[in-house]
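So, here come the structures, one by one.
Shared chain: chain A. Partners: chain B in the first complex, chain C in the second.
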Partner chain A sequence: MTPDALPARRSRRFAAVAGPTRVVFLALAGVILIGWALVAADGGQFLTLENVVGVQQRSAALGIVAVGQTLAILAGSLDLSVAYLISLTSLVAAETMAGQDSGIVAAIAAVAGVSVLVGLVNGLVITKLRVHAFIATLGVGLIIKGIVDHLYDGPAGRVPETFQHLGYDRIGPVPVSALLWAAVALTAWFLLSRTRYGYRVYAVGGDVEVARLSGVRTDRVVIVTHVLCSLCAGIAGLLLAARLGAGAPTVGTDGGYDLESIAAVVLGGTALAGGRGGVAGTVGGVLLLAVLDSVFNQLEVNSFFKDVVRGVVIVVAVAVYARRTGLLRGRRA
Partner chain B sequence: MRRTLPILAVLAVLLAAIAIANPFFLEPAGFLGFVRRAAPLVILAAGQYFVIVSGEFDLSVGSLVTVEVVVAARLIDGNEGATWPVLLLLVVLGLLVGLANGLVTTLLRVPSFIATLGMMLVLSGAVFLWTGGAPRGALSEGFRMFGRQTGWAVLILAVTALVVVLLTRADFGRTLVATGDNERAAALSGVRVNRVRILAFVLSGASAVVAGILLGGFAGVSAQVGQGLEFQAITAVVLGGVVLGGGRGSVVAAMAGALTLEALFTLLNLYGISGALEFTVQGVIIIAAVAAGAVRLPFAHPRRSKGDAHAAS
Partner chain C sequence: MIGIGKSFLGVRVLGEVDLVAAAGEVHAVVGENGAGKSTLMKILAGVHPPDEGTIEIDGRGVSFGHPLDAQRAGVAIIHQEFNLLPERSVAENVFLGREPVRRGLVDRPAMDAATARLLGELGEDSFGPRDPVRHLSVAQQQVVEIVKALSLDARIVVMDEPTAALAEHEVDLLHRLVRRLQGRGIAVLYISHRLREVFDLADRVTVLKDGRLVTSAATGELTPDGLVRLMVGRDLGSYFPPRATSAGETRLRVTGGGNDRLRDIDLELRAGEILGLAGLQGSGRSALAKALFGAEPFTRGRMTPVRPRTVREGIAAGIGLVTEDRKAEGLALRQSVRDNALLVARASGRGRRDGVRELLERVRLVPPRQDREVRYLSGGNQQKVVLAKWLTVAPRVLLFDEPTRGVDVGAKAAIHDLMRELAGEGAAVMMISSELPELIGMSDRIVVLREGRISGTLPAGPSEEAVMRLAAGEVAA
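Moving on, here comes the complex of A and B:
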């Protein structure tokens, strides 16, 4: 390869990586525009403060989980246990707080502890026992579900008023929960693009064998990634506990956070096979889903129709990305 | 055969354990009752096997089962004469869903995980949009007979198993495994990779039709009839030693995996493990079974399982 081929190659690589991210934000702008037009034609107001806040509120929990899921998927893995872990951590948080302000710190520590433990188990089962991530995290999810369902029939614990501020308070037009999401996303972005760990995640997700032969301790990367992914689910559990004022054994599964977070990540242009994509796209993907939701709510569309549209949108988006990367690959060949 | 041996051994142990706890299980009626209960999952596992061994996933089967049952109930609405036309319609519907999954996965190159996840959302949304949120109508006796009468259910299962085994022995089965093992090599040796994969998805759709018909008769009409079946089917296939990512595994082992899973549920019930903890035990056993399989594998196939497992998704 001649040296002057390199910049061209890099720009193409850039197009492949940045492409889907740009597409998802363009799609987001498009949906906002169309939504605004449709709602206006319906005689309503779309870009009201209430709506903008609503979109952020709705997307915060899914957004935080999806950031963690992005890490897992980039590393060539995936995590189906997040929904159950969210339920579990919401209960752990509410039970530890028990309505007392003094319990908040202990509750956060307990949630972090539980999340790290679950992430470790996920990572170790995948790397050391060599169980496919799909089965490993599904199995761990079932284990958590069994324990939660065995111990709890309904909401339990109580979250003190001070902590409930996390759920619904806002600073100007920005809810605290959205700030939390932004902080999580920025941290993940920093880890992925500015640290050695981030480069290793891309390397492992791209080709685990090549990464191993290049001296990356691939097992360690996958384990750390799963711990981080579980921590994100734990943070979402804390947020949902703050919103509900209690822990709930079905809050995670009712929200469908497992498959929905994977869908949001893929909608954001991250390749399901790993190694390509990033956090920015995921944020766009989550916002896109939330704006769609908001438009449908305003137009009072049947909730089942929403599912249909959502399914179509996800498949179409990924088909578009597949086409783009296919074209790029074709040009290179 | 060597590959099906471990799962058959596990199945035998579980069946023996059930028989010890409940001697009625050894009588024909008891055993056939178990087979009837297991039939839908075994058939779904056979369908899922084709998709998985070709290197893909089908997450839409659970919602397809629900759709089949709900559509049947609404259209038949207790009218005996409508049974056969509706059955025909159900078959066409299932095949079309499989075809759509296959086309989106191969021609539009959407990873099957996403393609079938999207299909799952579309199906469950569409059917309840149509019925207004809850299942309506009722199934006819003629329809329910298939799932209700042990003889029919066992016969359907036997025929399905025979067809499926013949399919894997035929050219189709071989090219399918070759496709899952190494798509490019298969394509270069003249396999029409896309066509084979599409057919695999169609077969998975067909399996959901049969499972839906059996479950409709057995369990009746509800919005939850197919819930979680996709994960159970995938679990069963993997329990049977079929490798996620494709290229390795036998369909007999996949079906034995489904029987094992069902035997496990039965056993947990018998030993009075409460409903909830059942999930925990199930999770532990799935991980343990797959881990046991994966740990042995490297000696036979050095460093394969990990690589293509990731490439597959």
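Moving on, here comes the complex of A and C:
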């Protein structure tokens, strides 16, 4: 029926599926090389232990949030409340621990509870009240912000020494926080590629109506996805509390975790409209942003210029993906 | 299904409809657009709950709250617009929503194997379970839908206009697949506007009109003319309006036109004439229409009065294109009838903005209301709005790409009349249609394309064989 499609099929499939992920890791390798050359030309050393650890540590919190964001975006949704939720959970964690080791378990449980609750609200508002995810999660985020701003005007609570290990310790060259990130990413990858839930995320994000008519309970998928996304934000909140030794009402928004996590996901080749992409690309996207940061820091580049370059990188990457899918589509007449 | 009734927002769309289908029967459901066929089928598939009436499968009463309930009861529906995810593989689509699991994890090998087995049973070897659906042709995607139905162990398969988007030779393949389903003792409910295939394929025909049952009879008891009368409730007489008596001046001429899909195109469109463009799927028919219009312009050759390089130039030269896919390319679905009718006039800054009402009456939109969102209109009415959109700028050349696809018999006749009327007023008309009887009935001259070239030109009223021979080349003669 399409004789021209047969011989080229294998290579095209490779280009399409592995495409964006491959592109982002190639870009990552490229940036490391260029950064290494630039820093060396500047008389510095790029691939030092300190630097590698720094990149990992800087990316861990964003990486964990971005994994959650990947799930939301794949399901055709998105979550703008993550930054506010991170602030809230950092406070919940530090206040519950109150400097006592005995409070750690209770703190983790409290953070999980708060995250699940916020995720449920996000998911229910989107599915049952039929509010677009952009507005729903923005609204929930503002509600959280209002509550946090009312109760706190500065850092509060205290995280015990034991728990601060999470933020600063490392095993060899690998920080504990990076391991936590890896665990979160692997869990998400496993869910997406090996479980029914994952298949349904792709289906709902690909086309809600198709999923519904195939018997998928689409509302449930969206709600579960938002709960998982919020849980990821909660984990990031715990991590940041461990770093700071306290909770802070602006730690999430100062880090720009909402838009930056979305940028990392899209940079990783996941379609903003949902249904296509994956966690691997997101990991690449986060690392790419972190390495860029590291290069600029070492070269002591003006921070405004930094933002310009990041913006260019994100736009160019997405334009490249659009072109590739466009070429593939164009072959189908 | 006994005494089924359904209302949407207080409008009764279906009342007291009975439908009985036997195992191993191909049961055609026919009626004009808006007759309630699709609603009836959606009730059967659990998409909408019925307001009244009961559904029984194998003698047992069932009620569906969700499409999943219907699936479990053995009802599979193949919608007109496919329900496939282009980004996912064939197997993932087939088992969507009910992926096999082993120890809690999706059992991908089992999924692929089951899909491969079903593809094999259907004799389909042009693609495999792991190919992404995005790379499949329309006909192949339909096979995926059928495999999906089979994997459900469906006892009832509903096909909603399965041949609307297929080329002639693909239709034969589909009919063979339907026969296989029938052979497995599956009841096939087959919705179609093509009367010929109803008579070729169906054992029984149920006719709906205005949401009510007209009749249900064995196909042998009906004649094509009789069936049309039942569907529209009146005699359509001859199918096609009379031809033009003579062609006028040349409105558009191409010599040696070509681009990456077309070669050596010599073509003349004359005032008052309807030129039919025939060819197999992929022969470049739509590409030619788009080249003339400037959407995918010619890169070689001469064209008079101008060779449009962009759509704006095409429109400025008085050329209009009624595209093949009206939902994706012809209409802004969420906008009103009025906004759609004025799309071209507003974009090009030409033409009139008043008199939309007269225009809508002229294209026979029923009811001619301007404020409704276009997505709520039937296919036939949508196509009329597309036409109105072009009439605002009074084009000198109008190109129609499959103008009556998925349009009911009544609206089809109205569109045919309108095309002839426009030609009579001095427009040059070109028409593409995969339905040969329509093309032959309408055209004053037929140009046949094969692999991007013109393989021949035929005078009015050729035989279907003559057209097919030119379209397929010697091989398939």
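Miscellaneous remarks
The definition used in the following text is that the second predicted complex is superposed on the first by the 319 of 333 C-alpha atoms of A that agree within 3 Å, B and C clash if a C-alpha of one lies under 4 Å from a C-alpha of the other, contacts with A are read in each partner's own complex, and residues count from 1 in each chain.
Just so we're on the same page, a residue touches a chain if its C-beta (ideal position, glycine included) is under 8 Å from a C-beta of that chain, and two chains touch if they have at least 3 such contacts.
Since this is a predicted model, take the numbers as computed values, not measurements.
Applying the stated contact rule after C-alpha superposition, one finds that A:226 touches neither chain B nor chain C.
Touch criterion met: A:140 reaches chain B, while chain C stays clear of it. Looking at the shared chain after the overlay, A:243 reaches neither chain B nor chain C.
Residue by residue along chain A, chain B and chain C are tallied for touches, and B comes out ahead. Applying the stated contact rule after C-alpha superposition, one finds that A:58 touches neither chain B nor chain C.
Contact with neither chain B nor chain C is seen for A:158 once the two complexes are overlaid on the shared chain. In the overlay built on the shared chain, the residue A:214 is in contact with chain C alone; chain B does not reach it. Judged by the document's definition of touching, chain A residues 209 lie at the interface with chain B and also at the interface with chain C.
Per the touch definition, chain B reaches chain A in the complex via residues 57, 59, 104, 108-111, 113-115, 117-122, 124-126, 128-129, 133, 231, 234-235, 238, 244-245, 274-284, 286-287, 290-291, 294-295, 297, 303, 305-307, 309-313. If you check the complex, the residues on chain A that touch chain B are 76-78, 125, 129-136, 138-150, 205, 208-209, 259, 262-263, 266, 272-274, 302, 304-312, 314-315, 318-319, 322-323, 326. For chain C in complex with chain A, the residues that touch the partner chain are 45, 47, 66-68, 71, 77, 79, 83-88, 92, 96-99, 101, 104-106, 126, 131-132, 134-137, 139-140, 170, 261, 282, 286-287. Across the complex, chain A meets chain C through its residues 1-2, 5-6, 9, 12-13, 16-17, 194-196, 198-200, 202-203, 206-207, 209-217, 275-276, 328-329, 332-333.
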